[in-house]
Amino acid sequence: QSTVTLFGGADLNYRSVTSGANKFSGMAQDGIYSSRFGVMGTEDLGGGLKAGFHFEGGMAPDVGTSTGFNFTRKSTIGLSGGFGEVRFGRDYTPMFTVAGIADPFGTNGVGSSYNVANGVTSDGVIAAAGSFATAQAAAAATTPASTVAAGAVYADPNAVRANNSIAYYSPSFSGFTVSGMYSFGGENTNVAKKAGTMSSIKLAYANGPVSVAFGNQITKGGVATTSAADTEKWTTNFLAGAYDLGVAKLSLGYKTDKLSFADDASVKSMIYGVAAPMGAVTLKASYVTAKADGDKMANQFALGAVYDLSKRTSAYATYSTLKNEEGSGKSVGSAAASDFTGLRSKGFEIGVKHTF
Amino acid sequence: QSTVTLFGGADLNYRSVTSGANKFSGMAQDGIYSSRFGVMGTEDLGGGLKAGFHFEGGMAPDVGTSTGFNFTRKSTIGLSGGFGEVRFGRDYTPMFTVAGIADPFGTNGVGSSYNVANGVTSDGVIAAAGSFATAQAAAAATTPASTVAAGAVYADPNAVRANNSIAYYSPSFSGFTVSGMYSFGGENTNVAKKAGTMSSIKLAYANGPVSVAFGNQITKGGVATTSAADTEKWTTNFLAGAYDLGVAKLSLGYKTDKLSFADDASVKSMIYGVAAPMGAVTLKASYVTAKADGDKMANQFALGAVYDLSKRTSAYATYSTLKNEEGSGKSVGSAAASDFTGLRSKGFEIGVKHTF
Amino acid sequence: QSTVTLFGGADLNYRSVTSGANKFSGMAQDGIYSSRFGVMGTEDLGGGLKAGFHFEGGMAPDVGTSTGFNFTRKSTIGLSGGFGEVRFGRDYTPMFTVAGIADPFGTNGVGSSYNVANGVTSDGVIAAAGSFATAQAAAAATTPASTVAAGAVYADPNAVRANNSIAYYSPSFSGFTVSGMYSFGGENTNVAKKAGTMSSIKLAYANGPVSVAFGNQITKGGVATTSAADTEKWTTNFLAGAYDLGVAKLSLGYKTDKLSFADDASVKSMIYGVAAPMGAVTLKASYVTAKADGDKMANQFALGAVYDLSKRTSAYATYSTLKNEEGSGKSVGSAAASDFTGLRSKGFEIGVKHTF
């Protein structure tokens, strides 16, 4: 007995963002849901064993995905049974999924905690500009993990998903689960055996109103853009918990990004969230604050409401305001033409999402 | 109760085109149908309200869509009910759909009226070469409406479809319908608030054998390729009518394109069409004639036959001949290597289309 | 009565390849199956006539098909009936399908016979470096057959599939079938009428335990990269046979590639194969040896096992070792950073494939 399912959806909105002197408004997307299209299915192999696949790509419905459709949101096959599940391909990292507990906005839209709590900006505190490269030698048969462009902003190419991964997801033991992923980066050559590799683990507990999870992730690379190296590492730890009071769900997250380079730069973020269901409407709020190398860097306050017309169709509105300290250039929305380092960024969006 | 439908099809043919001294022949596509692949569906929300989506991309079956598949033919979500329908995303403009009434060839293949009646060539009459740009600043989060490449041919990037659009389609009032669309272009920045924006309306009446429609559309941009501007506009008016006599359907269209730049260039086109069903065969003919700034520019005569093997599968053949006046370089088919301004272009194609 | 079917699957593995001094290992794909996604269907037109379509694109599940999804594996429509089938679009060439009889590894993975028996390397024997170009003039409306990059390795752009093709497949006459394909290359211009065109035929006999097939294919092009020409040709002949003893299936193939350029270079390959089913496990072995211009060039020995968990899901392991003579640079796996001309290439992979 087998199933094949088509799925996807789109989220379009009117967005207005002001970042320092830079203003823009117009149609945008993905305020509460990442637009997508995919196909997935399972096959019953008998004896409790199942095989499955999941191919999923991002949609840009505002312009018709004009840069070309692909399946980089998720491309996996796996085997599952009483032992849990083993999965191969391109997939979310276990560490990233911790964000889903902490952030009532699900890391989407102008209210996303990842506007503040992701990446390490080379603000005043972090002196050295450069980039964190994890590229494999060009000879590799498969595409390596994304190279980070040279410049002043550091990012972990595996912050959300990883290529060439093998992952294990345990079954639930009285609410406890463990998952781990290893990414080969690209096909490793004799140049630098561990360049671009990543390991990510997650320990989670979910029972009744309580959800708690901890994730740890390390990507190996080098501070260079042209050659592969495995001498440096990017370490992320993410601890989150949520408690559902019924009238409201309270959540909390603590995320740290530590670099072995750029003067051992680090960013530590706190995420405070609340989501209160009131019939078909859910009110959400979050506060995110981050320190770079121990000094205040930026904070963001977000307020939102979602009105469910059905399980598949919702209308929503979100407002957020982000305050940058001197040297920080975080934004609630699109990249801005003019510099707004140290300035405020504010955003509003109202939209509709429909899934199938 | 919900539905999800896969749909699409392909149209392949043998095409032979001669434009001036330039000749080419071989396999081509889309003689009577634009090859495509898509998925669409609706969800019943109760109370007469429905939500729906439509993702559709073009196919190039002759080479396997080698430049990459996307969903730029249509990417929308919408809500419909007794009030009509509201739709968001990338979609056809209401004005463009008027062409479907006037042109028995449906703007496809060597017989398409749009070989003559679309775009404004910088013929002898139109002195200034240049381009009509509607690009947003690069900082915009979403892709702007297509920039028109610098050169001698002017085109409206929204001639057929528009990005970042919001549209309303009324229900039918005794056969009368009205529809309107506004496109934000890209996400507007503080550079030029209206650059790339477009508004398009359509008034239509359809009852028994009669179909009449009028469309008006204005795109704002600038005569430049590197910066966004909203000082210039491209205005299109399209009036079309058709009457079905039973033995044949007669159609007529009058389309004008007016530019606020390039010496206020204008092109006015007349489309005359007839389609006569004879059992499984439909014979079609059209004559299109256009004037640029009041002077004769080009005319085209097309003759075609479609043989329906079923509702989904058809064979067809089309012949067309196009006469350019001095300074005009219109063609019935593919772009040509050699210049044929002022010369004749002739084309023939025979093919098969199959849809699902 | 009509059908529309979604299909596809993924094959991911751990691969380790050593070619001369170059070593790499990590996740790779397509060890026994080419990862893909597609949609196909048929329509019954009555009277024994059917129409059908087949759109299929390759997947790179290790990185999520990050370079963009397309339908270059196959994009066809066709009509079939008692007369056989006529098919249009981008498709496998009849000659290539002969390989399926000779090679127990199905031209996939480190054991593929095409590691040795495809392309003509400019080894010591073949003096002139250069390329075989089949590009149409840039004015062609449709994309021409792939241009072969300038360099030291010659390849036939139609070795596996052809663009802009029209093909005929006969019904079976007591096991005998004949098929033929003509490719227009691109849309031919007045520059070189036959540049990029290809003709391919296949004669086959299959009855009980016996399969025999012969294919012949000629691509016309020129030794140049910038202009289209039809003065040179690449000729491939492929003869293969297989006999199923029950305990094992033995297969044999003889393939010759002859160039009308580069000093009339030629490569002649022999493929010996065996596949022995043992319950859910199939053991496979092959030996491939090739001569360039009459001198020994390279040989490869491959050994593999496939364990079928179901019709759709399999695990597998393959080992292969390839010996290059002086001047030959063939590899069992990925392109290598360092030169290994005249050296040995060895590979191992272990993986899982799952289809739907």
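Every chain is named by a letter (A, B and C) in the order it is written, and numbering of its residues begins at 1.
The criterion applied here is as follows: a residue touches a chain if its C-beta (ideal position, glycine included) is under 8 Å from a C-beta of that chain, and two chains touch if they have at least 3 such contacts.
Given the structure is predicted, the values throughout are model-derived calculations rather than measurements.
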item: Chain C reached from chain B - shortest hop count over touching chains; value: 1
item: Chain copies touching (chain A, chain C) - same or different residues, decided at half shared; value: different
item: Separation of mean Cα positions, chain C and chain A [Å, integer]; value: 39
item: Touching two or more other chains - residues of chain C; value: 6, 68-69
item: Complex contacts: residues of chain B adjacent to chain A; value: 2, 4, 6, 39, 41, 43, 45, 49, 51-53, 55, 57, 68-77, 79, 88-90, 137-143, 161, 163-166, 184-191
item: Residue ranges of chain A in contact with chain B within the complex; value: 6, 8-10, 12, 15, 21-29, 37, 59-69, 309-310, 312-313, 333-337, 352-354, 356
